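After this come two complexes, each holding subunit A, first together with subunit B and then together with subunit C.
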Partner chain A sequence: MAVAASTPKAARPGRELSLEARQARLALKLLLPTIAVLVIVAFYPLARTFTSSFTDEPFAQPDTPVNQVGLANYQRLLSFQLLLFPEEMSLRDVLPEPVNGSRYQRVQNIDLFGTRYVLVATDPDFITSVFNTIIFTFFSVTLELSLGLLVAMVVNARFRGRGLMRAIMLIPWAIPTAISTVLWRHMLGDNSSGALNAILLQLGLIQQSQAWRASYPLFSVVFVDVWKTIPFMSLLLLAGLQTIPGDLYEAASVDGATPIQRFFRITLPLLMPTIVIALIFRTLDALRAFDVFQVLLGRSTPSMAVYNYEKLVSSFQFGYASAVGVIIFILIFAFTVLYMSAFGVEED
Partner chain B sequence: MRKRLFRPLSLLLVLIAIVIASSAFVRAQDMPTLRVFLGSVGDLDTEQAILDRWGAENNVTVEIVRGPQSATDYLAQLQQIFAAQSAEIDLIQFDVIWPGILAPNMFDLAPALEESGLADQFYQRILANNTVDGKVVGLPWFTDAGMLYYRTDLLEKYGFEGAPTTWDELESMAQTIQDGEREAGNAEFYGFVFQGNAYEGLTCDALEWQFGNGGGSIVEADKTISVNNPNAIAAFERAAGWVGTISPEGVTTYQEEDARRVFQAGNAAFMRNWPYAYVLGNGGADGTQETAIKDLFSVAALPGGGAALGGWQLGVSAYSANADLASQLAIWLVQPEQQKERWLKLTNLPTMPEVYQDAEVLEATPWIEALIPVFENASPRPSTVTAEKYNDVSTAYFTAVHSIMTGESDAQTAVEDLELALQDILGDEFQVGPPPEM
Partner chain C sequence: MAKQPVKLIDRLGQIGFGALVVLIFLYTIFPFYWALISALKPEAELIRTPATFFPETISFANFEAVFRNDKFLRGLFNSAIVSISVVLLALVIGSFAAYSLGRLKFRGKRWMLYLILSMTLFPAISILPGLFTVVNELGLYGNITSLMLSYLIFTLPFTIWVLTSFFKGLPGELEQAALVDGCTPFQTFYMILLPLVAPALVTTGLLAFIGAWNEYLFALTFTLTQPAAQTVTVAITNFTGVIARNEPFGEIMAASVIVTVPLIILVLIFQRRIVQGLTAGAVKG
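Here is the complex of A and B:
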């Protein structure tokens, strides 16, 4: 009935718009709410972050005046130098002049071929958090990809209870990260009340309880993140595996290819587009990792996002924290472009 | 057919909505709700029971909103609530070091305090700490000082006379007891547990080590950055030596509650903690706490005599819709009777000298008398001189000490870097110099 009623209206004479133009107009109307929501929840905060990154705006101090500081926040975050640091000199002798009133401080001493160097920065904690994040990203993404591929191939094989297996596999991914990380914090406990220690002690693999979070901080976040993300990885890869036609494998085995040859000659090349997508997803996620770091390690080993949060809520520097946010944004953007051009992913 | 069903259904829905809305309105009318923001440390059930008593007398619903355990995270969350100017919380528990940071977002309690006539009964230095430019930001709820908990049964078993008075003594006693208990079959027994995580708690612990060793208090009241001195460095080196020997390797991830769990399970000879752990170790206010050490431990001053001054205040959010009601609750909570109750049920130290002289208090915890001078002379963290920069100063400090404790950096290097960082945070008004002579 509804369709019949509107048809004469649309065919009313005097309207010059073509069908296409009318459809375009309708599409625009239908999209408006979405665009409005996007502007409010995505564009506005992003723009606000950009603009406040050029100020010294404080956090939760309603009566403090805000000043424009230009690029000072970025200068402080990104100024670092590698200096020769001879044994007989003290740190203060080699430190460069302050930038905009920010002193250079040591990130780390570095020994290269018997000569001592020192890496200095005006914000050493930020530089450290960048290193932490990059190390974390490299190991977690590598492990997630290889183990995820393994799991995907297992659940791609035909066996009894495969549907159930696929459902169970998703559980770690379904638990909110903050909650599962709190659970892991207990399981990684430093005495035998921690599950990991209890199991390893039972199996005789370690002689004494290990303080996982204290002794191997980055290892423990990688471990928890890998546990959490394998399901996501294998689900993505499973979808890719299922698009590979089975007759390719048949033909290969008729020709006498070994399973290993089949993997490297058929599975891997045909899976490559999916792998690239999965890599992009995971790398970007890992670069902005927050919850797993914050809950497991707190301030002792911050990631970039944790550092960002710290500067906002513990140091009360809204402007400076915004600059950190913008740098993370640019870094992630750069990685995306890099991946896309390196693997030739088409834009659609 | 469909229409006929739709109309009564929608009428019914509207009716239900009206009933719900009006009942909520009625409830809100005669029962206002106050939300109290508390850290999730200690015995919150007893806390709720105390609040409910006032609530019942005054016809108010009082809810606890649980904040994070770590003081550092707690402040972070509080600042987020303030940034949103949220009316979500009314009454706020806050740390002795925060009045300067929180002042712009707090309701002035001066009139309520004046009316109550309580002002003269408080320790004046705690009340002064809560007054920012004439505005009373909070009322002293309970005070805190770092203390040494020790197992009386184990000290006796291994032939020690009493609590250690120097760190050397503590180290050798801890080692002896740890070796003995492990020999006896408890492979996870440790000599000494404390707060070694990278957070505000480590600032307190480390300040005690360095202050007790003549190493000053990080930044002195005369704006001297004094932390880079041999006594402080020696104190940090000593503490770093505990990790993995008399203290667990994982102590660098411990906060108050982690240390308490180990000690309360009977797996440590000594513990540094705040007074609240005492009553919990003895089974809690109602005897329901699980504990392996009931009546088997006591409390003494920390070796070296350093004791960080802690303590919690009650303030009212400037964004509260019920600020006056919340002020009344705050005034009630800090009255001597409630302070006494807090000591007996929660071992929270009173903020009024008269409560310490109460016969019931002295009978329940006879050891408190000897510790009164320790509480009264506890060393404050440098929050007054560094004002709104305090949080940055503390973060730089506990990060540096944490890197020494984990062995990531040697004490000399870390302290040298810390000095530079503090200079950068505090600016040219502050000068580097030695700590005052003891």
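Here is the complex of A and C:
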């Protein structure tokens, strides 16, 4: 580093002059453990993931020879096409040529305005996991943001027991996601020994018990994530609400603004920076969701992260799993850049 | 005459607001209530349909069984050791870095700070394969040391970020006075400035503890074939009970309650600090 190079020159006699150099030297020394940790647990693993994503390296089998396969892993993961699929044709007629020996398979039929299409991919499970993750991210973040704002405004108002309420709201955040998902797995049980079925039956909202996790997997996982995250979201937004000066509202009231006008003209614009930051953090969290998917749904409805984990640990495909990891990394990076430029957020 | 409807609307608004507060409260708290009563229900009542909302008989059999479950106890112990070590490591390493970034002058500081901030957005899943290699190469697979090390990836950047802003906020006169009195910069750091940021150390330590205690992905992957090194989150999700049954819900609920209660107490005591710490990163007030 430039800092170290300039040290000998500055280390002349004369205390005043050497002070800065000494500071720089101390700074570097104090930062060394951090740099070492970041290299060991972040940069080296990331580089290792990148390089092995171009190989067919297996998992935990050091004696197997490793071959460079170039972009083959990525081609297999990312090859997908939406094809016209007329009723009178069979799937075999419309499937495109294989990519590097891996054949296209059906992901899903899609009906659009009376015309039938079929989505095909060389790795249908990965494409499915991408869609699962995107649907999950969209619904969970939207719900968390809107309901979180509602809750934040409620606990920003003055009422008895407000302090207790704010403390209680931290609890879902503080509980391990894996464990609260275990609780919900039980509560979303298939028959009426599960809490959700029991409550909805009692209220007459459903006629018979539903197998929530099997029939509505993405709904279930959004439901659990929303429960877990609304409180955290509202505490973030609450902190933002508290920075809005109260006299703004008073002035608006004097001028005859309705509560709805006050919300859209004062609260929302002034809260925007906080909302944007919350949005970024939550989107990135949702895109890499693992715990809630893995514990609630297992392999049946994987997120991208669960798919990555399964490829690594169950299928022993180290190189292939690495490629999935790199794709997730790039996706998250792209989202960050997109958000930052869309909202013009200063990194501070 | 005109006064009456306004009052009525006010009254209705108040009732609606009260109902909303109660609803939010119930929604937040219900799963814990459910876990607790499920843990206290005897086997037969637990699988009854429809479920009872108030247990008819209370039994502590599930709690007793959980405390006889070696895997669970082992998990609790491992989680405690890992979490405490991670907190200590993150605070020591983090406060060094934060002092350096917050108070010392050197080139490349801004760059370093952004690098550390970018780490907080790092997707753990993306580096899982590479990190597994590191763990293996260091011979740490199936050993809780692998978790102590890997958990620093999410605790350290956050700790540094929050502590740096605290160090920056301290008045400069203190340091100058200490330097004049003949303290070295390092002495100034640990004898004068560190005690002043103690509240921030408590906050970041708490957040690091909760983060480490709650981690699941690394714990699952790095202890896959080594049950002795599993943490409590992994132990609970793979629970096979002492009382033989396919999925021992009662025991799982009892175990979840036991793991949850210390966190609830911690959160209730340190509520204010935790909120400050959480929002310090997101809302620059």
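What to note about this one:
By our rule, the second predicted complex is superposed on the first by the 326 of 348 C-alpha atoms of A that agree within 3 Å, B and C clash if a C-alpha of one lies under 4 Å from a C-alpha of the other, contacts with A are read in each partner's own complex, and residues count from 1 in each chain.
Heads up, the rule we're going with is that a residue touches a chain if its C-beta (ideal position, glycine included) is under 8 Å from a C-beta of that chain, and two chains touch if they have at least 3 such contacts.
What you are looking at is a predicted structure, and each value in this text was computed from that prediction instead of being measured.
Of the two partner chains placed around the shared chain by superposition, subunit B is the only one that A:Arg103 touches, whereas subunit C remains out of contact.
Of the two partner chains placed around the shared chain by superposition, neither subunit B nor subunit C is touched by A:Leu82. Which of subunit B and subunit C touches more residues of subunit A is settled by the count: it is C.
Using the contact criterion defined above for the overlaid structures, shared-chain residue A:Pro33 touches subunit C, although it does not reach subunit B. When both complexes are overlaid on chain A, the residue A:Ala174 reaches subunit C alone and has no touch with subunit B.
When the two structures are aligned on the shared chain, A:Ala211 is found in touch with subunit B, with no touch to subunit C. Of the two partner chains placed by superposition, only subunit B is touched by A:Asp190; subunit C is not. When the shared chain is aligned, no partner comes close enough to touch A:Leu71: not subunit B, not subunit C. Legend: residue contacts after superposition of the two complexes on their common chain; A:Phe329 is shown touching subunit C, with no touch to subunit B. Of the two partner chains placed around the shared chain by superposition, subunit B and subunit C are both touched by A:Val313.
Across the two superposed structures, the residue set of subunit A contacted by subunit B and also by subunit C is 59-60, 191-192, 209, 309, 313. Within the complex formed with subunit C, the residues of subunit A that make contact are 1-3, 20, 22-24, 26-28, 30-31, 33-34, 37-38, 40-42, 44-50, 52, 59-60, 151, 154-155, 157, 159, 161, 165-172, 174-180, 182-184, 186-187, 191-195, 197-198, 201-202, 209, 227, 231-232, 235-236, 239-240, 243, 274, 277-278, 281, 284, 287-288, 290-291, 294-295, 304-305, 308-309, 312-313, 318, 321-322, 325-326, 328-329, 332, 336, 347-348. Contact residues of subunit C toward subunit A in the complex are 17-18, 20-21, 24-25, 27-32, 34-35, 38, 46-51, 53, 92-94, 96-97, 99-101, 104-109, 112, 114-117, 119, 121-134, 136, 149-150, 152-153, 156, 160, 185-186, 210, 213-217, 220-221, 224, 233-234, 236-237, 249, 252-253, 256, 259-260, 263-264, 266-268, 271, 274-275, 278-279, 282-285. Subunit A contributes residues 59-64, 91-92, 95, 101-103, 105-106, 109, 124-125, 189-192, 208-211, 213-215, 298-300, 309-310, 313-316 to its touches with subunit B in the complex. Against subunit A, in their complex, subunit B makes its touches with residues 70, 72-73, 75-77, 79-80, 82-83, 85, 101, 104-105, 187-188, 197-199, 248-253, 262, 267, 388, 391-392, 395, 398-399, 402, 406, 413, 416-417, 420-421, 423-424, 427.
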